[in-house]
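Structures incoming, each one as structure tokens.
Look for subunit A in each of the two complexes below; its partner is subunit B in the first and subunit C in the second.
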Partner chain A sequence: MGRKLLFDKAHIEGIRYYDVYRANGGYGSAEKALKSMSPDQVLDEVKKSGLRGRGGAGFPTGMKWSFIAKPEGVPRYLVCNADESEPGTFKDRYLMEFLPHLLIEGLLISSYTLGCNSCYIYIRGEYAWIPDILEEAIADAKKNGWLGKNIQGTGFDLEIYVQRGAGAYICGEETALIESLEGKRGNPRIKPPFPAVKGLWDCPTVVNNVETLATVVPILRIGGEEYAKYGTGKSTGTKLISACGNINKPGVYEIEMNISVEEFIYSDEYCGGIANGKRLKACIPGGSSVPILPANLLLKTAKGEPRMMTYESLADGGFATGTMLGSGGFIVLDEDQCIVKNTLTFARFYHHESCGQCSPCREGTGWMKRVLLNIENGKGKMSDIDLLWDIQRKIEGNTICPLGDAAAWPVAAAIRHFRDEFEWHVLHPEEATKRNYGLAHYADPLEIAAPAAV
Partner chain B sequence: MAEEKKLFKVKIDNISVEVEPGTTILNAARQIGGDIVPPAMCYYSKLKGSGGKCRTCLVKVSKGSDADPRPMPKLVASCRTTVMDGMEVANITSPEVLEARKGVVEFLLLNHPLDCPVCDQAGECHLQDLSYEHGADSTRYEFKRRTFDKVDIGDKIQLHMTRCILCYRCVFTADQLTEKREHGVLGRGEAAEIGTYIQQSLDNNFIGNVIDVCPVGALTDKTFRFKNRVWFLKPVDAHRECNDPKCCGKVALWMRGDEVFRVTARKDKYGEVEEWICDTCRFDKKEVKDWVIEGPRKIERQSVISQGHYVGVNKPKETLVEVLDGRQPKLLLDIHNISEVNKPNIDLSQINGPAHSDDFNK
Partner chain C sequence: MFSEEKLNKVKEIIARYPAGKQKSALIPVLHLAQEVSGGWLSSETMDYVASLLQITPIEVYEVATFYSMFNLQPVGQYVFEVCQTGPCMLRGSDNIIDYIKKKLDIGVGQTTKDGLFTLKTVECLGACGYAPMMQLGKHYREHLTPEKVDAIIEECRSKAN
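Right, the complex of A and B next:
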């Protein structure tokens, strides 16, 4: 059994209520931080832990916190990004639904560290039932003196507000989230200035993912150095992975970042192998926006090493042969899945969710969707594949926010690794509507270049 | 103690310029001027918060600053990125930038109807200029372009969303110039459109400025629609005493003969208005007697509006004699011996402003 830090007590009945949570050592980390540590000491622990943002980019949290501007007389804000809308990612939902007090404790410690007296949880509109859970937990925490004025007699004040989004993927981008929180249209802002300097209502703001903020609790409990002993290298600690697709046991798993992808998919502790005895064809290991990988490249890197569930190992080989850990939305595709259709689904999603502010994304995402739809419906041309490649190249990196990149990468990776399948769709339009391309050679062992003779 | 302001040294396409801290790359380039100025479709120096959306002004920062010489990882929007001391920027010297810009132009034209032959903006359209300079000669888009119905916003302005490139300039104008914001962007992504809810008319004395800021023909002046081509009109500077304290009263009149076809604000060479004008001046004062005319307006040479504007043109060299090995061509008939209709005493290159029949009636 892998070691768990977030879900270690998740199995206890009633853990979502204050009494049970408190009886099981809850708010112990907050007590420790508020009563015996200075904000700088807490920040130091978080830095030592090597915690990286769990929302997708993997930016070191301690460093992000130390960037926040601290002008006199200006309030600072902490915003918890619970706008989890990436297709394939549903880890924060589990955390908020079953362990709301863990998040509140994390918010309390983080706010104390950053010196914020108001904190917002921006939750996606589709999670309609979760705000009630959170608000109940906030009320309970307040009743027991963990929120409000003069928390536990330490003189620190904190209010947590829950704000529901209206159902836009783009509002998960931190500046769009801030705009939306201010009551405006959720268009991403142009950076710089970064939120750490000018964020919510032009005040310094930190926006962190739910999981990142919840992870602060175990870090304080066991200490930053001890936390850094979990995982491998720069990928310290544990990560929540929401596994879905053609696997036997879909769900949210907490993994220590020292297991291999193969173990994660096939071991009974986690996904339990591919469903219905099929074979693995491809996988998108970090939510819909990260590049898709064929089975052979997923299990082993181009160098022939086994691929691990860490930020570094999944990104090994760059985009040519690697992918990203992203937000941990692990989507597994078996041999019966069609990559063209899958890519079309994602392209349609990004087309629908583009905010329409900057031209490459507004126009390019729709164009990609239409070209892919043509290929899928058997009206594609060979030149369409190159056209798709060219469109994604012109979107990537030229937009205000990362949505453009997120729309471009899945298409790029699908063409890069599954070009044969696209060509087959174009050349056999009749057949392609009736059957799938199948596994083909995508699981064949890779030829590994022999090291150069010295 | 007044501290002397430190100027930042910036190099754009290997041309050095010193600018004040806080200047954007685009404005630094405009201080240099010429070919290296990145095109801008959404940025408008008079409007706070504009820019960064169209992505035509992307440039490459090959050196961040003297303190941190690392290049920026992505192309940046020059209209919203401020300069740092020692920054080095590549615009037209970077193939990557030109490639990206070509891509952006293609994206902008993807859903544009290209109905220039019937569009009132033709001739002074920024998108026309941009695609002429940076666009490809044909599109690779094979799908139906998005269309919208024409909408009247107020009785003087027509909105034709089909042509819109969503630069948001009009939104900023309406927001910053008028007291009450009434229009904005509805919808998301490709379906986004400029709109007012329930076709509310925009009742405001400054709303007409949205016509001037629109880089394409999406917002047009209904008192001018289909009346004339802009390049057939002669722009003259004029002014009047305006009762509205916020209006400067300085305008450009677009005339043909003694008829005023339309009134616009005066625009500089980047197509940006110099000072805002009110709707009374714009829509209601269309008689010559309303205005004090100052003289012809100078229009940048590359604009199609300056057709017939011959000042400073080099006369083509006569090569016939050379071709004929030094023999002089035999002139069978010199028209001037018979008729004065062509006015040989009027030298076109001496006329200041587009040539006009008035010039020959003097």
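Right, the complex of A and C next:
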């Protein structure tokens, strides 16, 4: 069994309630931080832990915290990003539903470190039943002196509020989230200024993912150095992976970042293999926006080394032959799945979720969707494949926020690795509407990935 | 439009933000307004929300039109919001959508003649491991099969009667 740091007590009955959580050592890390450490000492532990943002970008959390501006007399805010909307990702939902006090304890320690007295949990609107769970937990924490004024006699004050969104993927982007929290459309802001300087209501703000903030609790419990001994290299600690698609055991798993992709998919401890005795065709290991990999490149890198569940190993080979750990939304496709159809659903998703500010994204996502729909419906032309490649290249890097990139990458990777399947759809339109292509013959990724002359 | 209880709730929400930042309450208050207005927001309802928060109506419209959870047209008493994004598609959401269409004799975006059901397709709701799924009111219905859909329809009908 892999070592657990977040889910180590998840099996205890009633752990979602204050009394059980506290009786099992809960709020011990907060007690240690608030009573025996200065904010800078806590920050130091987080830096030593090597913790990287668990929302998808993987930016070092300690470094992000150290950027927060501290002008005299201006409030600072911590915002917990619970907008979890990346297709394939449902880990934060599990944490909030079943371990709400772990998150609250993490928010308390993080707010103390950053010097924030108000903290907002921005949760996606569709998770409509979770705010009740969180608010009950907040009320219980407050009743027991862990929130409110003069927490545990330390003189530190903190209030936590839960705010629901209303159905917009883009609000997971930190500046769009801040706009939404201010009661506006979720249009991302141009950076700089970064939220650490000018965020919520123009005040210094840190926005972190749910899992990131919850992880601060075990870091304080065992110490940053000890935490960094978990995992591999710069991928320290454990990561929550939400596994879905054609596997035997979909669900949320905590893994130590030292196991192979093969072990994760096939071992009974995790996904339990491909469902219905089918073969693995492809996988999107980090949420819909990261490049899809065919089975051969997923299990082994281009160098022939086993692919590991770490930030570095999944990214090995760059986009030509690698992918990203992203948010840990692990989507598995079996041999009966159609890459064109799958890519079409993602293109439709990003078109639906584009905020519309930047024309490359607003127009390009809809264009890609329409071209993919034609190919899927047997009305595609060979030139459409190159057209798709061309459109995605013109979106990537040309937008205010990373939604443009997120929309471009799945299309690019599908063509890079499964060009043969796209061509088959175009050449056999009748057949393509009746059956699936099956396992890929695999395009040569290096050849396709070479940039076309511009 | 709001009851005394809902007005107190609005006050409580506004108190979460610094003075003068009551516009931040807009999305939570629109959720409340939609709840008490049959599941959708008319321009009268939005104007009422604007007056409550002391902001201009256009500030409400631009937000209500941006977020997909706000319905700007009347909807049925029960709205089936079926996810159709990749992970749900891989687990057969297309069949579920087709089944609901046939069963209720409506297309996507339509409401049954008795005003009971509306079918909507939505993008990823974060339940990928429990696919196929749909949102029904405040809760998720997961691991959908035609039999489960039948049971849900029956359940709604019996509650409505």
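Methods note: the second predicted complex is superposed on the first by the 439 of 454 C-alpha atoms of A that agree within 3 Å, B and C clash if a C-alpha of one lies under 4 Å from a C-alpha of the other, contacts with A are read in each partner's own complex, and residues count from 1 in each chain.
One rule holds for everything that comes next: a contact is a pair of C-beta atoms (placed from the backbone, for glycine too) under 8 Å apart; a residue touches a chain by one contact, two chains touch by 3 or more.
Predicted model only: the values in this text are computed from it and were never measured.
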item: Touching partner for A:Thr232 - first (subunit B), second (subunit C), both, neither; value: neither
item: Superposed model, subunit A: greater residue contact from subunit B or subunit C; value: C
item: Which of subunit B and subunit C A:Ser66 touches, first, second, both or neither; value: neither
item: Which superposed partner A:Ala168 touches (first subunit B, second subunit C, both, neither); value: both
item: Touching partner for A:Glu363 - first (subunit B), second (subunit C), both, neither; value: first
item: Touching partner for A:Gly397 - first (subunit B), second (subunit C), both, neither; value: first
item: Subunit B versus subunit C as contact partner of A:Ser288, first or second or both or neither; value: second
item: Which superposed partner A:Arg185 touches (first subunit B, second subunit C, both, neither); value: both
item: Partner chain(s) touched by A:Glu353 [first = subunit B, second = subunit C, both, neither]; value: both
item: Touching both subunit B and subunit C, residues of subunit A; value: 168, 185, 352-353, 355
item: Subunit A-touching residues of subunit C, taken from the complex the two chains share; value: 16, 18, 21, 23-28, 30-31, 53, 55, 59, 62-63, 66-70, 84-87, 89-91, 122-131, 135, 137-139
item: In the complex with subunit B, residue positions of subunit A that touch it; value: 168, 170, 185, 190, 192, 351-360, 362-367, 370, 387, 393-394, 397-400
item: Subunit B to subunit A touching residues, read off their complex; value: 51-56, 58, 74-75, 77, 80-82, 99-100, 103-104, 106-108, 110-111, 140-141, 143, 165-166, 168, 184-185, 187-192
item: Residue ranges of subunit A touching subunit C (in the complex, touch as defined); value: 75, 84-90, 93, 120, 124-129, 159, 161, 163-169, 180-186, 201, 242-246, 250-252, 284, 288, 329, 331, 333, 337, 341-342, 345-346, 348-349, 352-353, 355
